[in-house]
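Here chain A shows up in two complexes: once beside chain B, once beside chain C.
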Partner chain A sequence: MIRYVLRRLLLAVPTLFGIIVIVFLLVHLAPGSPVSGGGEALRRPTGRAAEELRRLYGLDRPLPERFGAWFSRAARFDLGESFVDRRPVGERIREALPNTLFLNGLALALALSIAIPLGVVAGGRPEGAFDRLSGAALFALYSTPTFWAALLLQSIFAVQLRWLPLYGVASDPAPAGLAGLVDRLAHAALPATCLAYGTLAFVARLVRSGVAETREADFVLAARARGASRRRALWTHAFPNAVLPLLTLFGLLLPALLSGSVIVERIFAWPGLGRLYFDSILSRDYPVILGLSLLSAVATLAATLASDIAAAAADPRVRDGASP
Partner chain B sequence: MVTALVVAAACRARPEAAPPRAELDLIRTPTRASAAPEEGGEGAPADGGTLTRRLVGEPTTLNAVLQSSLPEAQVLQLVQRNLFDFDARLTLSPGLAAGMEISPDGRTYVVALRPEAVWEDGRPVTSADAIFTIRKVADPAVPAPVFQSLFDGLESVEALDPRRFRVVFREAYAFREMAFVLPLLPAHRFAGKDFQAAADNRAPLANGPYRLVAWKSGVSVELERNPAYWGPRGHFDRVVFRILPDNTTAYRLLLAGELDEDQIDATLKSRAQADPRFSECCRLVEFYTLDWSYVALNNRSPLFADARVRRALTMLSDRAAAAKDLYRGSARVISGPWSPDSPAYDASIPPLPFDPAAAKALLDEAGWRDSNGNGTRDREGREFEFELLIPGGFETGRQVAEMLAAELARAGVTARVRTMEWAAFIQRVDGGEFEAASLAWSAVDPNPDPYPYWHSSQCPPDGLNAGCYRNAEADRLMVEARRELDASRRDALFHRLHRLFRDDAPVIFLVNSTQKFGLDRGVRGVTTSPLGLSGIWPGPIGWWEAPGPSPQIVGKPAA
Partner chain C sequence: MTASTARGGSLRGLPASGRVALAVVLLLWIVAACSPLLSERAGAIRLGERLAPPSAAHPFGTDDLGRDLFARVVCATPISLAIGLVAAAVSLGVGFAVGATAGWIGGGVDLALSRLIEVVLCFPVLFLLLALAAFLPPSPMTLILAIGLTAWPGDARYARAEVMRIKQLDYARAARAAGASTPRILTRHLLPNALPPLIVSAAFGIGWAILAEAALSFLGVGLPAPAISWGGILSAAPPYIEEAWWIALFPGLALFLTVSAYNLLAEGLRTATTEKGRHA
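Then we have the complex of A and B:
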C-alpha cells in the first residue's frame, strides 16, 4: 500500500510540472501584453516607457530564463509579485480564497442536501410520476444559463421582495457574532443558489440512476423479503451502494471548490478567486495567472490522488496493479 | 468605455479663496458652451451624510504618480490635491499651488505652494515634496503613464525655498501648463523605501478634503473627512466607493438607493427612461464631453494609402443615421480630431457628406474597380478586402462597425468585422498591425495637441499615430502649433489643420457622444463638464445631500 501511494505521489510530480510548463507557455504566447493595462487605462505607455515596464516585469528576457526564474521562486513557495499592484501574489490569493471557499462550500452543501433525497425518491420509483416530473424540472434547471438566473434571482429576491441583499459578501458595517454569520449567509444565499442549481441537477440524476439500478439488486429484494419497509430498503440498503460513484465524483467536485465562478462573482460583486482570475487574464498579470493556475492544478492532482488512494484502500486489485 | 487613447493627466481642482496671481498666465482652455454648471434652484448646500459612488474596477494603486486608470483617479481626486486643476469651464485654477510664474521664453516655471497646505500628519506640503514627485514622474524607470510625457524635455527642477520651486524645460511647449495638473507625494513617507512597493501605495497620506479609512480588496474604498484639510471642506462626512464591475447590478443598487451615482450606457439609459422606479428615485444627467470615436485606417496599407480612398470610406459611412439610430440621438457627427467643444475644432467645417455615389466615383478614380466581376473592387490583382477590428464588450461600437460594413459591401468593398479581446486588440493597434480598427478617444484633460497622435514621427511601434498618417503640411502645422504660445494664433493653426484633416481623412471621423449618469435625486450641486462629472474641481467635492428621505421625491428625470 505504501509503495503504491509513493508511486502515485512520484507520478504526480511530472504531471504537475507538465501542467505548469503548458500554462506558462500559453500565458506568455497569448496575444496582448501586461504593459498596455486594461480597458480602463487612462493612458498606455508606449516607446521608451513601455520598454522600461517590460524591463521591470522581466519581459525583456528570453522565455526559458523567465520560466527558470519563476520556477525557482515557486519551488520555494514564493509566487512573485503581481504586475498590476506589485503586491505578493500569495497575499492577493489569500484575500480572495476565503470568500470563494465559503461561497462554493455553501453551494455544494446546498446542492447535495437537496439532490440526494430528490435522487433517492425519484430512483425509488423509476418512470413514476415524481421521477418524470423531477427529471424534466432538473433538465430545465441544468440548462438554465447562470447569468440569466442570477439576474432573475436578484430581480425577485433583492429588488422586488427585498428579502435578501443584492450584492457583496457582508453588510457594511458588518454586525458582530451570530448576527454577522446570519448576515453573511443572507449575502451568500443568492450567489450560492446560482452556483448550486447546476450541480444539484447533475448529482440528483446521478443518485437517481444509481438507486434505480440497485433497487433491483438481490440484496435489496432480500431485505424486502425479510420484511424491511420500502423506505428502509431504499435508504439503508439501496442508497449506500448507489452512493459509491458519488464518492468518486467528489474527487472532481473538490477542486471546483477552489475555482471561483467569473459570472456569479461579477454579478454579485463577490471578491473571490474567479474575479481575481478573470481580471488578471484581462490585464495579462502573468504572475497572478500562474499562481492561480498552480493552485488549481495542485488541488486537482491532490483530489485525484486522494480518490485513487481511497479506491486502492477499498480494492486490493487496484494497488496490486492487476486489472479489476 | 471603448478604447482609451488618451491625452495626459487626471484632473481635479477648485476655485478657492486665493485667486491666481496677476502674472499667472493660465491656460485659456477649451470652453465653448458646454460647461454646464449647476442644475439650478437647489437651495443652500447642507453638510453631512455619506456619498456612495461606483468604481467599475479595483484600483491597482493609490500612489498618485503610478496611477493609470479611472478608478484610481476617481479616488485620488478626493484624497490628494493637484498643484492646479481644471474647473467646470476647463480653466486652470490653483490647488496646492498659490500661483505660477512663467518666463517669457516659456521654458521656466516658478511655482509657489500655498503656505497653509499640510499633509494629514500635520507636516507642511513643501518644495521637497514637489521635487521628489517630479523626479519620480520624469524617471524612465518609474511607470507614470498619466504624467510622464508632459515632463518630456525636463532640464532641471530645484527648490528656491521651502514653498517655491523652479522647473526648467529644454523648450517651450504651448500646453506645458497641463503638466502642473499634478498631485504631489509626501517625500518623507517614501524615504528609503521601494517606491513601487511602498506601504503608502495602498494607504496614501492625504492632503485633500478626504482621507482613506479602509480599502477592502474587491469590495470598497472608504473615505472620511480629513480633519487636517486646509481648504473648504467637502459637504459629505464620508465617501464610499463600491467596486461594482457589473452594470446591471450597479443600476439596481442605484434604484435601491444604495448607490448615489452610476455612469450608464445607452442601453441602460433607454431602460431608465421607461422605468418608473428610476424616475422615482433618480434622475438622468447627460452631457457632451471631449470624447469622440473613429475608425482608424492603416495608412501604411496599400488599401488606405490614397486619401481619395479614405475620403470615399468616410462618405460611405452614414454617420448621421448612426448618431440617430445607434447612439439614440446622444451623439453629434464630427469632421475632425476634436470634440466640437474644443477651441481647436472649427465649427464652420462641415463633415464630408454621406454620398455613396460620389464615394464610388472616388474609388473608381483611385483605380479600385471590380475588374474580375466577383462583386468586390480590385486593383493590380488585390481585392479591396480588409479586417475591421473592434474591441469586445462595446455594443454600440459593434453596431456602427456592422452598419459601415454593410454600406461598404454595397459599394464593392469587403470589410470583415472581427471582435477581439481588449488586450489583444490594443496590442495590434499600438503595434500598427491592423488594417482598420474601431476606436474611441476618451479625454482626461483638454489638451488638444494633435502631435503625438498624427505627426509622421509618431508612427508605431514607438508612437501613438497608430495608422501612421503622414502629411508634410499637417506635420508643419502641428509643430508650429505646439510652439505657438498665443492661444488665438494657435487656434487658427488648429483650424487650418482641421480642414486638412477633414479632406485628407486620415481616419473615418465618426461622432462625439454623450456621457450619461444616473444620480440619486437627493444628490445636489452636481456640475457637468466636458471632462465628465469627476474630472474637474471641485466636481464631487461640491456635491451635497438634500435633507429628507431622498428616493421619495416625485418628478421626471432631468434629461
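Then we have the complex of A and C:
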C-alpha cells in the first residue's frame, strides 16, 4: 500500500510540472504576447497595466528565464494582482469560491442521490422495462446542452409558473433566519439542477453497467443461495463491488463541474468561480485567468490522487495490479 | 479485406435505433445542403415584426430584429455539422497519434505521453476552450483547433488501450514472428482492428464537438456576426426570456436533435462492433 501511494505521488510530480507548463504556454504563446494580443481583442491591457504585465511576467526576458520566474511564482502560489481592480488574485478567488462550492456541493448531492439508486435498480434487471425507460431518459439528458436546459427551466419555472426566482444568489433585501435559508435554496434550485443533470447521467450509466456486470458474479449468486433477498444481494453485495472501480473516476468530476459552472453561473448571474473566469477572459485579466486555471488543475490532480488512493485502500487488486 | 468485412458486418449489425439515428444524420446533412435557399430570408431584418410568436408565416417565430427563426435555424445547420465533423477528426487524429505511439512503444514513452494526457484532463475543458477561442483570431479554423486540441485526450486513451491489447494478440505476434516490418504490422494488422472502437469514439466526439461549438457561440466567443450558428441564436434568448420563449426553444431543439442523433449512432456502432452484443 505504501509503495502504491509513493508511486502515485511520484507520478503526480511530472503531471504537476506539466500543468504549470501548460498554464505558462496559455498566456505566452497563444496570443503572441499578452500585451500585444492577437485577434479581435475586447479589451487589451495598455499603459500602466501593460508595463505591470511585462514586469510581472518578464516579457522582455528570454523564454527560459521567463519560465523560471513563472515557475517560482507558481510554486509559491503567488498569483499577482487583478488588472481590473488591482486586488490580489487570491482574494478575488476566495470571494467567489464559497458561492461555487455551495452550488456544486448541492448539485453533486442531488446528482448522486438520484444516480446511485437509479443505476442499481436499472442494473439489477438489465434490459428490463425500468432499465430501458431510464436508459432512454439518461441518454436524452446526456445530449442536452446545459445552456439550453437553463433557458428552458428559467422559462418554465421562473417566467410561466413564477415558482422560483429567475437569477441571483438571494433576494434583496435577504430575509433573515429560516426564511433566508429557504430564499437561498430557492435561488439555487434551478442552477443546481442544471449543473447536476450531466453528472447524474454520467454516474447513473456507470453504476448501472457496473451492477449489471457484477450481479452475476459468484459471490452475489452465493449470497442469494444463502437466502439473502434480491434487494440485499444487489445493495450490499453487488453495488459496493461494482462501484469500486468507479472510485478512480470521481476525481474527474471536478473539472466537469467547473466547466458547467462557467455557463450556469453566467446565465443565473451567480458570482462564483465560473463567472469570475469568464469575466476575466472577456477583460483579458491574465493574472486571474492564470490563477484560476492553475488552482483548478491542481485541485483536480489532488482529487484524482485522493480517489486513486481511496480505490487502492479499498481494493488490494488495484494496488497489486498493473493498472495505473 | 479484413477492414471491409468488419465494416460491412457493423452496418448490418446496426440496431434499429442506430439506423434511425443514421437516417436523421443524413437528413440533417441534406437540410444543410439545401439551406442556402433560405439564406436571404434568414438575414432579412423586419423591425415591424420583431419578437413575433410562432405562426403560419413564421413557424418558429421571429427574433429581436424580426428575422425569421425557422430560416435562421436551418441556415445554422451547415456550420454546426461541419465544425463538429472536422473538429472531431482533428481530435481523433491527434488522439490516435499520441495514444497509438504510447501503446505501441510502451516503457518510458508511454509513461511520458500518459502524463501529457493526464495533464490536459486536469483542466476544466471549458477553461481551455474559452482561452483558446478568445485569444486566437476568430475564424472557423480557430474553433476547430480549439475544440480538437481540447478533446483529444479521450481518443488518445482509447487508442492506447486498443493498441496495447492488440499488440499482444496472437495474430500480431505471429506477423512479427513471420518477419513482418513494424510499419506493415501497424498498417495491415493493427489499424484495421483498432478502427471499429475508434470510429465509435469519433462518433461520440462529433456530438461533443457540436455541443462545444454551440457553447462557445452562446458565450459570444464563437464565429463573429454574419455567420449563423445555433449557439449564436440562443445567445440572443436570455434578454427576452420573459416575452419570447421561442428564441430559446427552437435552436436548442435543433441542437438537441443533432447531438442525440450522433450519440445514438455512436451507441449503435458500439453495439454493432462489439460483435456478440457484449453490453458494457
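The rule is short, and it goes like this: the second predicted complex is superposed on the first by the 241 of 324 C-alpha atoms of A that agree within 3 Å, B and C clash if a C-alpha of one lies under 4 Å from a C-alpha of the other, contacts with A are read in each partner's own complex, and residues count from 1 in each chain.
One rule holds in what follows: a residue touches a chain if its C-beta (ideal position, glycine included) is under 8 Å from a C-beta of that chain, and two chains touch if they have at least 3 such contacts.
Owing to the predicted nature of the structure, the values given are computational and were not obtained by experimental measurement.
Novice: Quick one: is A:169 in contact with chain B, with chain C, with both, or with neither? Answer first, second, both or neither.
Specialist: first
Novice: Just checking: does A:267 make contact with chain B only, chain C only, both, or neither of them? Give me first, second, both or neither.
Specialist: In the superposed model, A:267 contacts both chain B and chain C.
Novice: I'd like to know which partner A:117 touches here: chain B for first, chain C for second, both or neither.
Specialist: neither
Novice: So, does A:154 touch the first partner chain B, the second partner chain C, both, or neither?
Specialist: In the superposition, A:154 contacts both chain B and chain C.
Novice: With both complexes superposed on chain A, which partner does A:18 reach: first (chain B), second (chain C), both or neither?
Specialist: In the superposed model, A:18 contacts chain C only, not chain B.
Novice: Between chain B (first) and chain C (second), which does A:279 come into contact with in this model arrangement: first, second, both, or neither?
Specialist: In the superposed model, A:279 contacts chain B only, not chain C.
Novice: Examine A:252 and indicate which partner it touches, taking first as chain B and second as chain C; both and neither are also allowed.
Specialist: A:252: touches chain C, not chain B.
Novice: Between chain B and chain C, which residues of chain A are contacted by each of them?
Specialist: Comparing the two interfaces on chain A, one with chain B and one with chain C, the shared residues are 30-31, 37-40, 151, 154-155, 158-159, 166, 266-267, 282.
Novice: Looking at the complex, which residues from chain A come into contact with chain C?
Specialist: 11, 14-15, 18-19, 22, 26, 30-31, 37-40, 126, 139-140, 142-148, 151-152, 154-155, 158-160, 166, 209, 212, 252, 255-256, 258-260, 262-263, 266-267, 277-278, 281-282, 289, 292-293, 296-298, 300-301, 304
Novice: For a test of understanding, state which residues of chain A touch chain B in their complex under the given definition.
Specialist: That would be residues 30-33, 36-49, 52-53, 56, 81, 84-87, 92, 95-96, 99, 151, 154-155, 158-159, 162, 166-169, 172, 266-272, 275-276, 279, 282-284 of chain A.
Novice: Looking at the complex, which residues from chain B come into contact with chain A?
Specialist: Its residues touching chain A are 1, 3-8, 10, 56-58, 60-61, 67-71, 73, 140-141, 143, 145-146, 148-149, 196-197, 201-202, 216-220, 240, 242-246, 248-249, 252-253, 255-256, 258, 391, 393, 421-424, 426-428, 430, 444, 461-464.
Novice: For chain C, which residues are in contact with chain A within the complex?
Specialist: Residues 111-112, 115-116, 118-128, 130-132, 134-138, 142, 207, 211, 214-215, 218-219, 221, 224, 231, 234, 237-238, 241-242, 245, 248-249, 252, 255-256, 259-260, 263-264, 267, 279-280 of chain C touch chain A in their complex.
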